[in-house]
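Next up, some structures in structure tokens.
What follows is a pair of complexes built around chain A, which joins chain B in one and chain C in the other.
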Partner chain A sequence: MAEVEDTLKRIQSINGVIGTIVVNAEGIPIRSTLDNSTSVQYAGLLHQLTMKARGTVRDIDPQNDLSFLRIRSKKHEIMVSTGGL
Partner chain B sequence: MFTDETLDIIGAESTWRKSHQQTQESRSCQTLPVDTAEVETQARDVSDNSTQTQDQISQALSIDRDISDFPGLLDFLHKVEDIVIKELVKNSKSHAFDGFRVNWEDQTESVSCMYRLQHVEAQERGLQVTGVSWNCTGSVIGCGFGRVDDGDWSNEKAYVCTWNLDRQNLNPKRPDMIIDVPTPVMCLCFHPVRPSVVAGGLYSGEVVVWDTSRSQDLILAQTGMSADTHREPVFQVSWVPGARRGEFMVLSAGSGGRVLLWTVDGAEAKLILSSGYALVQQQVPQCGAASRTRGSTTIGVTSVALSPWDLDTFLVGSEGGLVLKCSFSSETVSAVPPDGESVTLRAPVQFSFSPLGGPVHSVHFSPFHRNLFVSVGTDGLAHLHTVLQPRPLLSLRVSDSYVFGVRWSPTRPLVFAAATGQGLVQMFDLGRRSLRPAATVDQNTSGQPTYCLEFNPKHTNLMAVGNADGSVNIWQLSAELTEQGAKETAVLEQLANEVVD
Partner chain C sequence: MEIVYVYTKKRSEFGRQCNFSDRPAELHVDILPDISLAANFIVRDPCNVTVQCAEEMSEHEVNTERFESESRGINHVEGGWPKDLNPEDMEATIRYRKKVEKDEHYQNTIMQIAGLMEHCCKQNNATDIYQEFFEDEDEEVVEESEEQPSAKTINVFRDPNEVKRTATSLSWHPDGNHKLAVSYSSLEFQRAPNDMSFDSYIWDIENPNKPEMTLKPVSPLVCLEYNPKDSHILAGGSYNGQIAYWDTRKGSQPAEMSTIEHSHRDPVYKVIWLQSKTGTDIFSASTDGQVLWWDIRKMSEPTERLVLDPSKKGNLDNALGAVSLEFETTMPTKFMVGTEQGLVVSCNRKAKTPAEKIVCTYSGHHGPIYALQRNPFFPKNFLTVADWTARIWSEDIKESSIMWTKYHMAHLLDGCWSPVRPSVFFTVKMDGTLDVWDILFKQNDPTLSLKVCDEALSSVRVQDNGRFLGCGSQLGTTTLLEISAGLCTLQKNEKAMVSEMFERETKREKILEARHREMRLKERSRSEQSREDEGKEADGEESAEELVARAEREFFEIMEAEKKKEWNEERQREKEKGVCEEKDFQEEHETNGVSSFKRSEISL
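== the complex of A and B ==
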């Protein structure tokens, strides 16, 4: 399963990336480059927001689905990629 | 002849008396017979169920679990990898958000003076404000009165005054609390956790801790005059975390060359010396110049800075212009002959930076970068140093006269403020290209010096400045000086890494 590690390493090594978290369908982080407590906090908060955003997109058009979510704050930017393409 | 005769009783009925017997009537009733019926049931199948919460161990372990537990992971990553990388690369090259500023709150455009706090009696006697300190909740400002320009030993009475800025009926001319002190106060520091406790260093070398929440006898603990105390004025007093969590010790540094750590003994109202450090010329590792003096000459300490990142390091600025890096855990015994102190004094100096031309009035560690600090003295320059090398990274001209105090801004990594001898506070922004100050705040003291300044830890747009004319000005800073912009920490990091070879 070195491919998984390679992919994550590729993403993490892009200029400007502070951390990467992979979250499963229940919102529990399964792979992360940040420490445990931060990962759990981010995963929990973003899971809720992603579900809400996905619901919004599908309410507008049932055939559509959320593919990418970006939250830009003063200090950083959080990018969430869901499985739906 | 005469015989006994009995006659019938004759009676007459009373017309007005009635029988007291009530009239009675009797009635009775009965309900219809009540119908009753009996039925029985019995369960044929019985099942038992119970629930219990489980310890959340599984969440902590999920990150360490083997990847083969997640079969869909590889496919998912294949799907999303390209789009994620594309977006990240686009983001790092994008100029879309350059200069884009978001403001959720109202912006104050300019720096304004909120209050000008004075104590009339102290001003009449010509006392100067030598130290200001905010308490840990950010609502009370305390200032100590004393004299800085007096060369002689003085015994005149001084004051420590506090004002509570969050109260409705704040009177700038009348302090909320006035504490009488027998000798001039040289420095002041509020306790970092308990809002009413304040420590002060006096001209006589004593260190006193007051508790302003008491109604009588405000002194919580004091050193008194013993073999342990400083013999010279105490220029800096601070609270440092003690051995146990939640406990704090008082650190005092004076021009006698001693840095002492005291524990507060509330029961005895005494400060007990727990450890001490003495600085002598011989034990300072020189950065090139050979020491010309022989014999142990003590180095008078004028300012101390504690590192918020490394609890073991502290910086000392001396009367001779030296800036020294010291360590609390140093074990070398000091070369000063013991003078009856209760603990052995140690030599803490590990490294010395390039000296300034005159006494170092203030040193302050950057709250945003573990290696940077700024120091000011009588040469009118502010030197930005990194702990890693002796020469300064940057020297900025603050004013033509002495500079008495310097503090980094608690919210903007690149901003610091310096108090000058001309009565101005100059604020510098290292992110700007020019070396001129970003803002100059005039204290309206008609040319008299400004001795100390402090940023409010909770309401970060407030700054307190103490002047030689006995007044304390509270300034509200503009949003430009207090709001952190994007990438400021990165610029600071870059600045710190310009280590000159």
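== the complex of A and C ==
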């Protein structure tokens, strides 16, 4: 339990990180360093996108799975690490 | 060498059924190898042969039906909570979250994922993997590779109505060029079906599924133009002769329309915005022979009227029907009208009397002039598109065009210059092809010829950046094309070369014109002289038979004279044998325009 906390704190403290959100399989933000409405918005949108991306990867090769997703925009970069390793 | 097998059959046996029978093989021809021929060949050793052991596949292409898509937004509402939990309840949600965090599986997964995340974050900080290299070098190293000029279709806008109308004119939005206004009407005389819709549309070029705005006139619009100063205002000329203007902020109905009594009597083929302080002046042209000036604030009456009567009497019956108009903002006092009869009339706005308004005419086309435009870089030269050719003219030469394309197989229906390159212009034809001409590259053929669609293309318009162009077809389909960079970037020395070319052609035409004038003068003086000599009747009218008889008489007289000359010369020749002589006879028959011929004889 403490390790989890430490890890999350460590990530948040890396230079350049604006916020961290932990989302469960249903799309609910469990842990977040941003305010609730933003977290809910990000969680909902990224959840859908990750599902779509994962579906695409698995359509191409069923043995494969999505492990990481980076969305680079003009202003920021959103990084999604999914559970499939 | 042919190998044939000949057999004979009795005529009485023709048509009889075939009776087959078996017999041993017979050797008919036996060609033995000729060893000497082998000397012409070399044995190839080793031979490379490719072999593949794989599944044979075939390639197929399928075109699906048009997919209509629409852009929509999604409203996300919080959800995903288990059924019994109320998301509004703060305590319940906190409790749920704490419960999830205690789960061992959760903790393991987090450790795994977090590790990966940390790695990537640190990676980001270490190097900027999306750094732009060679940013500055980009501009210098733009080598004009020998790429083929090409054009590709970006979007196709179809007329959403059931009954298809011709897309008669296009106008690009003046700022930003993201919108295209297209006017639709049926130009076939009385062939418009009753349920044909009168609407014209403004399309957003990104969305080909639905027009961005509809314009609903009283009668279908034949031409439509955006106001270059105010991008919300459009002026349109309609099929029944009325002029209307729209304000896109105010809706689909025309903001104001001209009154029927004072409008044109025929469809208005072209409407152009004028350069004025108020930015509200337009002028329009129609096949009823009039050019009318309007101020859109007061559409009840035209501010000025000009009748295109070549005899300068203002007689409407004599007037030439106008099909296209041309106005260049750099020359605000002059404008040009292209007529149905194939003449281009150049006019002066500021003339005092109506008779002086028409300055001069240019003739040379065989049919109505569908497009007329000055070259944006060299306003003295203009392009006309009519019948089967496109011609380039110089203002100074009134007798003929300085450059012209060959006669094509299909009628040319519209054309325009490229706004970025002085040597490039576009034309569209009745068989659905778009031709891109670059007169510096090739004068005889278009540099690029594309078949855009199967039906006739009725209008073409280039965007101000020269890169995109829209062409409208007879069935209301407007195609948006992007042309390759080579055709829309100004080349070095291009302006100088084009101006040289125009000057050279103008000079040539001037010389030809001068020569023609000389010849005509000579003809006239000669025909006058011959008339005095023969002392013909004062009224100068001879019947056809008398002319023929005179022609015959003169012909035989000249033949006799020639024969005698020949005979004398032959006698002389016999006396002077052994001397090389070359003689040229030249006989000219000038009666009834029989052409002259030459005879040359070489004799020993």
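Everything that follows uses one rule, which is that the second predicted complex is superposed on the first by the 85 of 85 C-alpha atoms of A that agree within 3 Å, B and C clash if a C-alpha of one lies under 4 Å from a C-alpha of the other, contacts with A are read in each partner's own complex, and residues count from 1 in each chain.
In the analysis below, a contact is a pair of C-beta atoms (placed from the backbone, for glycine too) under 8 Å apart; a residue touches a chain by one contact, two chains touch by 3 or more.
It should be emphasised that the depicted structure is a prediction, and the values quoted were computed from it without experimental measurement.
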item	value
Which of chain B and chain C A:M79 touches, first, second, both or neither	both
Partner chain(s) touched by A:N15 [first = chain B, second = chain C, both, neither]	both
Chain B versus chain C as contact partner of A:G27, first or second or both or neither	second
Touched partner set for A:S67, first chain B, second chain C, both or neither	both
Which superposed partner A:Q41 touches (first chain B, second chain C, both, neither)	second
Interface residues of chain A shared between complexes with chain B and chain C	1, 3-4, 7-8, 10-11, 14-17, 22, 24, 28, 30-31, 40, 67-68, 70, 72, 77, 79, 81, 83, 85
Interfacial residue positions of chain A with respect to chain C in the complex	1, 3-4, 7-8, 10-11, 14-17, 22, 24, 26-28, 30-31, 40-41, 44-45, 67-68, 70, 72, 77, 79, 81-83, 85
Complex contacts: residues of chain B adjacent to chain A	59-60, 62-63, 65, 67-68, 70, 73-74, 76-81, 83-85, 87-89, 91-92, 97, 102, 484-486
Touch list for chain C against partner chain A, complex	76, 78-81, 97, 100-102, 106-107, 109-118, 120-122, 124-125, 130
Residue ranges of chain A touching chain B (in the complex, touch as defined)	1, 3-4, 7-8, 10-11, 14-17, 22, 24, 28-32, 36, 39-40, 67-68, 70, 72, 74-75, 77, 79, 81, 83, 85
